[in-house]
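Sharing a structure here in structure tokens format.
Naming follows writing order (A, B, C and D), and every chain is counted from residue 1.
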């Protein structure tokens, strides 16, 4: 079960960075959803390396193949199996990693845990594993778009973008309204504020030139979520979002709504007053981030995720080898000086997976039998 | 399953704030563990209301009863059922809440989700639910203490404390070493730095006097954790800790190791160099927070949790009633002007539950069969 | 998780035969279901000992208390906690069992597995554990009755009865139509064919007089089940029914539809021809037992369960003690010479739990989003 | 989750009969197990069609490809992904099935459940799905062989065979001792008693000549199982075996130990007396079938599974079409007149999966911490 996510819309990812392929099996997808490999490919292309001169030059088409679960263009209710072949595997490039642990990577902990390690490009610990998440997330997004529209008359839309790279941050109020996908995709750093985006790009280029790396923060907002998603105790919507985000490589923090800054407010400042709204109830402010008591309240869901600077750097680093002897490692192989822009579609994918899962769970308990 | 936590050491909590009782069932506890009601009571007493003049005056003994799973002072492998009667229930005090939604509480979302709501003191959404978590956590702590000592020669110790209340924060470097339990428990705010603790107390008293509330941040550290706990992809140790923490009432954020501040460092500054250490491998710094690639590396686990200011305040607030009409609500009933000190044992309990669960999971996959 | 059953309508039972209490927590019950302790009590009374001179004289009221999850007569969506105190516990009566393993009981295997054993009346292995199943099953039955009627205009009805005790079996064709509850409850052996019931009673009395015991077979039929319940591969409806039944104490076999006897037919004799039926499709015969490809087809679900003779007998038996030395044990304590009549409400309860769970699962995948 | 089996050694199968491929993902496999595609292939070849003139002539190599989870000949702890391409898919052969429901197949129930159906060869409901089970089972068998030997000094051995085909049954006492694999594989019907095997072959040939089909019964025995596997309440070893077997296509019944015939014995005849045995405790007889109180007792595990006659027959049958109109269907496409011989390796595979899963579960709860 370690490689499984979700309770009702359940995915299992598999595959190593330099093995034959990576993939995902989706179990529990509603039937009759129209879906094509091309629609999945759109999202895979967004996370694919080699999209700009900012990111890793690994040149792979990442072409997805649907092996099961889709018949004549629609899902059948059977498990969906998606496969992406690794076409640019260069295992030999990683020989040094067989014997040395890369700092702040998973090399040591995998060895300690399993007593064996596929060292090639990080093996299972590589961010290449997220190919399966993004592919599954594309299907979840389709459900949230087409399915939610059919049920509620409005789609669920998920939008993520960079709010900071290193110490380059969006100015306060720079992104007030829900940005369009085009605005986010306008630059390779996926920051919808162009002036800031340019500075981010410079910062990343400077880090790369220095053989160094930088991290950043992604904000994600979701609109169109009906009230009622999320479970009251352990499986709160924010708890499952936090888990989803902290399950991504390189993440160090998660906050929803007011987040850590909210601790600086008093209750009288922080509370979101309820106000009448067409068709129900809304809140005057949204420090709750769209979730109250673990359950969506119909407002925009707003959260942020912190990504540390990429652990792979092109500088000599102190470390130990597999015999616990001190040694020096020089970064090699492909790497991004900043992974955060490529993490945007992955954050969106995980968000979509959480929401579809909770939508199904909520419906199962609360909408099947009406007493 | 919404009220269940853990995969192998699994707890299910139940109970409402003003129902007859609250409790927990623990399924999967190792047999032969010596445990008494008195040991569980110690932890319950730490979270109990009415411990100081800082916190809610609800006067309940919160006496735990072991109904099953323990025989002649030892666990049997059967499910452990723990019960705490609600003795100070005053349902009548909450009549206004039947018709009005309290801002930033779960009243509206529960109504939207279930179409029915036990309004008395928040019902299931009350922090009283955490009684079950703390009781189960006491058993998990005992396992980590006695069991880990027997297996590894060293116990796992979990220590949490307040690093800030409102804008009163621990000075940098004020808590360098692992504080003792006595140091944490020395003041009712559970901040081991006395000068800061005093300021925190003043701030909480001032908030209460104003009918207002404040939040804060808890830091938790764990030492003695063996390398290898945590699963590589979705069930990373930090992901499950994040979920555990965000499942607590009033939490808005989680960060591990360097956290959000880590995004301000370069990779060359952030990476934790590996160094030889007696009996294996250590790191020179700990920005990873004790987890790499989702798996514990043997260093101290370090994380922080943000708690918003208590939603219940003693001031009139704009809100709507159950007919979506605007109205005003004045806070009533028991409440804490700051819940964060009482959350300390709850954070520790959830941490213990995550660690025991992952310890069992890791052992099941990696230590049963040795190839 | 060992004490948990169900995926969406999930129960966890707890409690030992001679501990303070037994109980169950139900997680995932739909909200707003009207339910009272009295309704649950009806089913508990059916399984209660001391109902006739045929069964164990243990004199307990088995009075159920609802501790959580029900508010003003309706479920709230919160976990439902049900408690039954053990009032007639006589632990001293079982002192011999502390040192000796009862043949064909769980004494030895519990010791081997856990290294500790609550020997009093079998502890956790006692059929007293089924109190929790029956209590939860009463709620599941209510859902199938009221909820299914509201959704489909027809209730789901579950009826079980004895088809044999020892070698006294119902004559072929004796129970053609779906028997009424009154017909089943007419005799203490719960066989709706009176002539056979009388013979069964005599056989049980004779066994008891000889200090011996007998087993038997229960048949269970369900009508009103919509097509579509059950999952196609591992969680087939018959697979989950088989698991539910083999999870009951003393069961040795399960068969659905034609069962073992069906292996004596040719395909041309065994196949159920489809026929047009008002509102859809039916089958001319029902050798499938209401399930095809793991999924209900709308016909009556029909299955049988074999119960071995009670292991506790009032005769000296060869066995070993906890030091593996040969010894002799004489049965003592309360016991039934035939447990099968009391198993009837338990079989029904487990059937109800399986059906509600699959109903919710089917709805979650197939009825929330319609593409 | 519908396509997932197991709690700790967890498999998810995917694929349709005439889609591009079938496969399985195994999550939770212990690391460092030596395994090759060739070892998996051995078991796949046992279930493969076209092995004799008795079974379906579908001519596929069923060549397995390991896509992930194995590095330099050993498992790594990462999920294992196994793929088998469908090379002899002939979708056109099934055009009639698009519009007509085959009697006693899953065509109607899949349509009713999902509103869509891959009709080609039964799609997901085809026994071709069991390719994934057998491939995963091969790995489980290797663990039980090599791993159990290392831990306990003795391997776990699983052996299944036919005890009847139609009304041709093994004579009483014909298979007393644990048969060798060679004895079972000696004939295409996999009955280790040659005289009976010959009669079975004749019966199957006769059925095929008549365009008809027959079923039968498989017995499975397991030796070398340590005491302690199985959970006491819902996840009893026999309950999980029953579920595993009833999850196989065409199964109608399961019995363990004395089974249905055990209901004809008295308690004094049925009980298995405990006897001292080298290294512990044994039983003089084995009517329990190796399981007591849901937990293995160290004796041979013995159970039987009933398979109905193949639903596909080469005779005209009454049925309805997708518009609920009466029609006639003539069987076409490949089929086995008796699937039971090919089910032998599948029964063994499922047994291995259940045992490995319970072994890990038992160890996690009972052997990690020793109090």
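FYI, contacts are C-beta pairs under 8 Å (C-beta built on N, C-alpha and C of every residue); 3 or more make two chains touch, one makes a residue touch a chain.
For clarity, every value in this text was computed on a predicted model and none was experimentally measured.
Peer 1: Considering only mean CA positions as chain centres, point out the chain farthest from chain B.
Peer 2: Ranked by distance of C-alpha centres from chain B, the top chain is D.
Peer 1: More C-beta pairs touching across which pair, B-C or C-D?
Peer 2: Counting C-beta pairs in contact for B-C and C-D gives the edge to C-D.
Peer 1: Can you give the whole-Å distance between the Cα centres of chain B and chain C?
Peer 2: About 39 Å separates the centre of chain B from that of chain C.
Peer 1: Roughly how far is chain A from chain C, centre to centre by C-alpha average, rounded to an integer in Å?
Peer 2: Computed from C-alpha means, the inter-chain centre distance equals 45 Å.
Peer 1: Distance from the CA centroid of chain C to that of chain D, rounded to the nearest Å?
Peer 2: 26
Peer 1: Which positions in chain A touch two or more other chains at once?
Peer 2: 1-4, 7-8, 13, 28, 31-32, 74-75, 77-78, 110, 113-115, 124, 232, 361, 365-366
Peer 1: Which positions of chain B touch chain C when the two form their complex?
Peer 2: It is residues 1-4, 7-8, 10, 12-16, 19-23, 25, 27-28, 31-32, 65, 67-69, 71, 74-81, 83, 110, 113-118, 123-124 of chain B that touch chain C.
Peer 1: Tell me, which parts of chain D touch chain C in their complex?
Peer 2: 1-5, 7, 13, 101, 103-110, 112-115, 124-125, 129, 164, 166-167, 207, 212-217, 227-228, 230-236, 238-247, 249, 251-260, 262-277, 280-281, 283-284, 287-289, 291-298, 306-313, 315, 317-320, 324-326, 361-362, 365-366
Peer 1: Residues of chain A touching chain C in their complex?
Peer 2: Residues 8, 28-34, 74-75, 77-78, 143, 146-148, 150-151, 232, 359-361, 363-371.
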